[in-house]
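Shared between the two complexes below is subunit A, which has subunit B as its partner in the first and subunit C in the second.
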Partner chain A sequence: MKKIFTSVLLFNILWALPPATFSQDILSGGKVTGNVHVDAQVYSADSILGISDSSLNFKKFGMNGFANVLYSNGDFNAGLRFEGYLNPMVGFDPRYEDVGIPYWFVNYKLGKLEMTAGHFYDQFGSGLVLRSWEEWTLGYDNNIYGFNAKFSPVKGIMIKGLAGVQRYFWEPYQTNNRGIVKGFDGDFFINDIFKGLSEAKTKIILGGSFVSRYEQPSVKIFTRDSAYITVDHGDTINWIKKTTYQYDLPYNVGCWAARMNLASGGFNFYAEYAEKGNDPNATNNWIYKNGQALYSTLSYSAKGLGVFLSTKWIDNMSFKSKMNESGNPAMLDINYLPAISKEHGYSLATMYPYGTKPNGEAGFKGEVVYTIPKKTKIGGEYGTTLSLNYSFANSIKKEQTLPGIPIDSTGTNGYRSNFLSIGDLPYYRDLNFLIERKFSSKVKTKLAYFNQTYNLHVIEENIFNDAVIVYTHIAVLDLTYKFTAKHSLKLEAQGLWTKEDDGDWTAVSLEYNVSPAWYLSFMDEWNYGNPDNDKQIHYYNISFGYTQKSNRIALRYGRQREGLLCVGGVCRYVPASTGLTITLTSTF
Partner chain B sequence: MKCKISFTFLFACLSSLLWISCDKIDEPLIIVAEQLTTDGFLDTLYFIDTVNVGEKQVLLEDFTGHKCVNCPEAALAARDLAETLNGRLIIYSIHAGYYAEPDATGDYTADFRCPTGDQLNNDFLVLANPLGLIDRVKYNGSVLIGAGNWEAAVMLELDKPNTVILKVRNIYYPNLNKVQTDVVSRFLSQEAGIFKIVVYVVEDGIISPQKNNNPAIGPSPDWFDYEHHNILRGAINSTYGNNISSDGTIVAGQDYHNQFTLDIDTGWVASNCNIIIYVISEETDEILQVAELRIRTQE
Partner chain C sequence: MKYLIFSLLSLCILIQIHAQEGNKNYGKIPAVDIRTMDGKTFNTADISNEGKPVIITFWATWCKPCLKEHEAINEVYEEWVDETGLKLYAVSIDNARSSKSVMPLVNGKGWTFDVLLDENGDLKRALNVNIPPHTFIADGKGNILWQHVGYLEGDEHEYVEIVKKIIKGEKID
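Now for the complex of A and B:
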């Protein structure tokens, strides 16, 4: 209660301050917008999934909800987000259980300066050194609470600076419970800086960032045993020497990055290199090696054709504002390591998703999208779109620092690695092909095939071996038939075939839409190939949605299968559940 | 143009400066304790002593110094209290801070400070003497408790139900001048969290000058033959100890075995040394149970 009161009070003060400070007329002509989103679930016991009242901890109801309110008036903005987790839905971190205002801000622009006070989200470059973001479905929020300034001293130069502490559930900042993040970033638009290049077709942007974390480390020790024999006064004694070590942990850890962006015609090339100082932490097993990362993309687009290539090489780049943070997902990331696997929309294709491995990963993604022109023999009346995508992720090569010291030994430099080396251990492969074609004004189809290789131990357990690799073939038929302009029926038929893990699956969904007001759908995912007969379970769902203006209510009853939910390479484990889900959204 | 280049240059310089300002750790690990554990001990000469602690005991950590004029009165009162409580109050003294600093010449050249004491003194922000920690629980809102409140705070702690049984065994090997301490801990109730075991060595019966401003209890202002009791000599398994089990969690009723070995410093009198063992909750930072056992050096 005290927390809510403080937040509201602060907001009111900041709301009241601007008239005196920035303008005499801040309230006239202002605009208030916002949105509300509530997810609520009523759980029921399900002996087939092994769910009982006690396994639910007697929490039969879960609710996650938020409401955003934004006030804007010219160059002045203020906003807040109210959140409640009463209690958190199954699969969300129980530390969210509370209600309050975890996010509020005031922002104004004055000349070449833009200032934000309060909570904010920001990103430097591709995020390799800093990205604060929020993803509702993951239960992930690492907004920064502090000050943020953007300043353009002269045309062609944009400098950003920030300082603050990151959100950690509802825990207020205190010395020792997490670090302070400070950073600045610069973008240099070369064509604007050098007059001679202002008309050049090739546009060049250079950038650089520096981010620092200050954290007061707590005392951390560990014990290592060694054995030896002595002879003393004629007696032979076998000794085990237990040496207790205390880690010398850094108070200040820095991370810098340099980047460039070249654009010419349909080509666009982006590359960013980042390096991080010694940062022993729970993710890297408390090793002291410097981190390195390289991320690059190359794209080409022309009418009907798009080509996109990206590469990523990461070595020990987990950078959090709390050294010993771990969780599901682990919070307090200062940086973001971009995912380069494609995120799919079909449920069976998302069964084995990829999550970024910050301790070492070499990845590549290539995608070609081509639209065969309409009114041609092959393209047909409406054209045909073909997409080919391939994603690859492997380990990086790691070598012992000294003979006898295993790789990743705590309290050491961990290992040696060569920049851009690719290791032998496969993490993930995804080759997929999609054809999309509209046959007539009533019939539209999509056909897709996916071939995935998923290292289950690495991705789910952080066990770096190839003992359990899942090879899947997935096929999808997606058919939409429009009866009239408003009435349509959509059918999705999917199959997943694998000899590993839970075996084969099939899924069928039927969705009837009456545009724009309502829909009714039925879906069943069936694990018919599970080697354990008792686990050949139907995960059925029936759902209904109704939309009125900008209000929408959706009801769903059925089973949720367990698995990983990944967004942008960040994953959350979702346990199995059965029950009724209500989703309410509204925008004003 | 010059202005733009200057800004770019300034940005690059600032980045380099900040990068340099980050902490570079050259020696990641510092040895804080070494224990020698025997595997098939063949030395036949040793002396054993044991103690079983089945009821709640309380630890008083007395921050003091030989130049602290009020400290002898507080220390004597605490000893009297321990006597009336039949040993359920364990006391050791931490010589650290301003009043413990030795003089270069004169009567107060003895240095009873040690790294563990200095760390405790710094971590608990002890700015005056005498002050004490009583099971590291708060009394009147503070863990640092003035001598006038020691008795009241001790009595409150003694009223708490016992949660841990400690069985301690010291084996002293005179030929090697080493002591092996075996501790068996058993929780009487299921407790959540991480628990640590901490083992210190203290030395008793040290005669050395002490400042005193109370002539009623002894010579004043200098008490030259003052007997110092249980002066902290160091930690055997680091200042804040190690997990009582592999991950620090416990199951009620289960025995947790921990073994520690110490080389007795040649400057200490082994027969005057005592081993103090306590069990502490990492979450609350409160001591649950404490035991003290002498090092027996002869039959």
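Now for the complex of A and C:
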């Protein structure tokens, strides 16, 4: 309690100082800026959703908040983030319950060298071997606590080196409670390095990285049963032989990656290939197989047309700071394996979202965006934009290493796979089409259709030996009507139709905007098609928000389905709850 | 106790909202390495517009209000440039999942302003951005004089008014 009180006091001192202080120079030339964000919820019991005081563990009030303070003075920067989860809101891991400073840093630039000490975020290439990042709305933070150096010896070359330990909730690092991460990365912009190529039409960027994790393994054993039969005086005896093995676990696990980017005219080609050494861990069932990944994209752009193709192939690429770590929420990931599917903005289209399967997946995504020019017969007065997107993810082909050893057997090499093979089990498919058209200065519409295939067993339960698939059709109408330059009304009507899982849904939202100050909205999502009559629930809510420059307060009351929420100018991921939600955000 | 902490925090934020002064200087645009759409490193210290104001917006391909904001800005951008000479940098915070599809989307929609990629959120953190949309307006010397969170239909009209006030040397609201 005392700890909380002193933290709040400190916090308020930082906050309640007259704003003039923050806009004045401090320590000759320095500047202080920052932000504060608080999400708070007051939960109500809701018998329809099965929420009661005891199911909430009597935690009727949840609050997640943070404040960043940044000090900059020329080449010197320092900052910290104060966070408090009192109690963590529903949907956030209870291990976050605490208050304190989980992130601080000092950073200095000295000519071509930049050094950071403390907590930092960084990414090598597209993140296949290293990415430390944070996303507040997801409760994700794998920042690295240690040292980071960036050096640019000549124009066009950037070398990075880092070493540290990753964040695990509020747990300070102690020897062997997690691994130590080290890495270095080189990025080479060829056209700047070789002066003769600086005016060339084709731009080439090459890069490479190496990352290593050191962790002292604990003693880990497993037993394997084998059955055999003996015959004794005509009697058949069934025996089971139990053999105990100890895993020979590596102290050091390394990953390397190489990448290239070619840009020429309207074309852009990117490819990154990564490999991981022996890394038996809790995610891959402790097998010794190497990991491999390829991420590649090709795009073509011209004014009014964009074409995009990408492919992602992953085999055993879960790479964490701790061998034993697994489950939800994902913690201590050293690398980042993004989902191949497109992130949608409409709530029903995000009902069945896809997340990468790090043990193996083959995916593809294609997208075309075309704008029919304005002032043409088909395009209309303002032009019409058409977008088409298709993505899929499948398993990869896995074969037994030796006859008699099943695929993924613990303590073995696991399986054999061919690079870029596509397996037979579908994980996810998503086809969507969007038309956007402005009809007049008052009316704008968007019409969208989605066709999704979602392998529920694989995605939600990690069951890979059969397919329980949900097929959905989704349609959205998004209409904005402007009464005046500052007053507008937005209507969104959505429908989701499926014969599986929870059945059909419909969603309607109405939002009234008064630019730039406030909005009022009403929304309802209704699971009218649920096969269980008692579960045909209305997820209704009403929201109000007031914005003044970079400060905003928003209130929402009602029932919130878990998913993505976009209202009154801001989009966030939100967990399920019933009650009042208050959001305060301010940047100073 | 928790209610007390929460009320104290809200009180502080409300004080902050009501104590805003005009022509507050939020500091210079920080020097952070991000990338252009073709993958080349771009340091934000190189953002300049020959002494004329600059607008910096944060957006993402998955952020619906951000897309609406930029579609609305695109309709009037040429007019804005003619009237004031301003320059817009739209910084996408799409991470590796969608960053490579930013260029075809921007070109497919026919957006005519500069787009930069802040894949790992480095500029977002340096400017204390919480959630997109978030828009900053800086004067010709790189000093950020105004910022705004969220997007409601019609907000873009305010941006050009602020730019005009900066050019005339007037006090902003």
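Keep in mind that, in the parts below, the second predicted complex is superposed on the first by the 531 of 588 C-alpha atoms of A that agree within 3 Å, B and C clash if a C-alpha of one lies under 4 Å from a C-alpha of the other, contacts with A are read in each partner's own complex, and residues count from 1 in each chain.
As a convention for this text, a residue touches a chain if its C-beta (ideal position, glycine included) is under 8 Å from a C-beta of that chain, and two chains touch if they have at least 3 such contacts.
Everything numeric in this text was worked out from a predicted model, so none of it was measured.
Novice: So if we stack both complexes on subunit A, do subunit B and subunit C clash, or do they fit?
Specialist: In the arrangement built by aligning on subunit A, the partners subunit C and subunit B fit side by side.
Novice: Give one of first, second, both or neither to describe whether A:345 is in contact with subunit B, with subunit C, with both, or with none.
Specialist: second
Novice: For A:547 in the superposed arrangement: first (subunit B), second (subunit C), both or neither?
Specialist: second
Novice: Is A:587 contacted by the first partner subunit B, the second partner subunit C, both or neither?
Specialist: second
Novice: Between subunit B and subunit C, point out the one touching more subunit A residues.
Specialist: Subunit A has more residues touched by C than by the other partner.
Novice: So, A:184: does it touch subunit B (first), subunit C (second), both, or neither?
Specialist: The answer is first: A:184 touches subunit B but not subunit C.
Novice: Of the two partner chains, subunit B (first) and subunit C (second), which one does A:527 touch, if any: first, second, both, or neither?
Specialist: neither
Novice: Aligned on chain A, what is the least Cα gap between subunit B and subunit C? Give it in whole Å.
Specialist: Here the least C-alpha separation of subunit B and subunit C stands at 19 Å.
Novice: Given the complex with subunit A, which residues does subunit B contribute to the contact?
Specialist: Touch list, subunit B to subunit A: 1, 3-5, 7-8, 11-12, 14-15, 18-19, 21-25, 27-44, 175-176, 237-240, 242, 261.
Novice: Which positions of subunit A touch subunit C when the two form their complex?
Specialist: Residues of subunit A touching subunit C: 1, 4, 8, 11-12, 15-16, 18-20, 23, 31, 33-38, 40, 61, 63, 65, 68, 70, 72, 77, 84, 86-87, 109, 121-123, 126-127, 131, 133-134, 136-137, 158, 187, 189, 203, 205, 261, 263, 266, 268, 270, 295, 297, 299-308, 310, 336, 338-339, 342-346, 365, 367-371, 382-383, 385, 387, 436, 480, 482, 485-488, 490, 513-516, 519, 545, 547-553, 566, 568-572, 582, 584-588.
Novice: Under the touch definition given earlier, write down the residues of subunit C that touch subunit A in their complex.
Specialist: 1-3, 5-6, 8-10, 12-17, 19-21, 24-28, 30-31, 33, 37-41, 61-68, 71, 75, 95-101, 103-110, 119-122, 125-134, 146-155, 157-158
Novice: Write out the stretch or stretches of subunit A touching subunit B in their complex.
Specialist: Subunit A reaches subunit B through residues 153-154, 156-157, 159, 184, 186, 188, 193-195, 208, 210, 212, 219, 221, 223, 227, 232-233, 235-254, 256, 277-278, 280, 288, 411-412.
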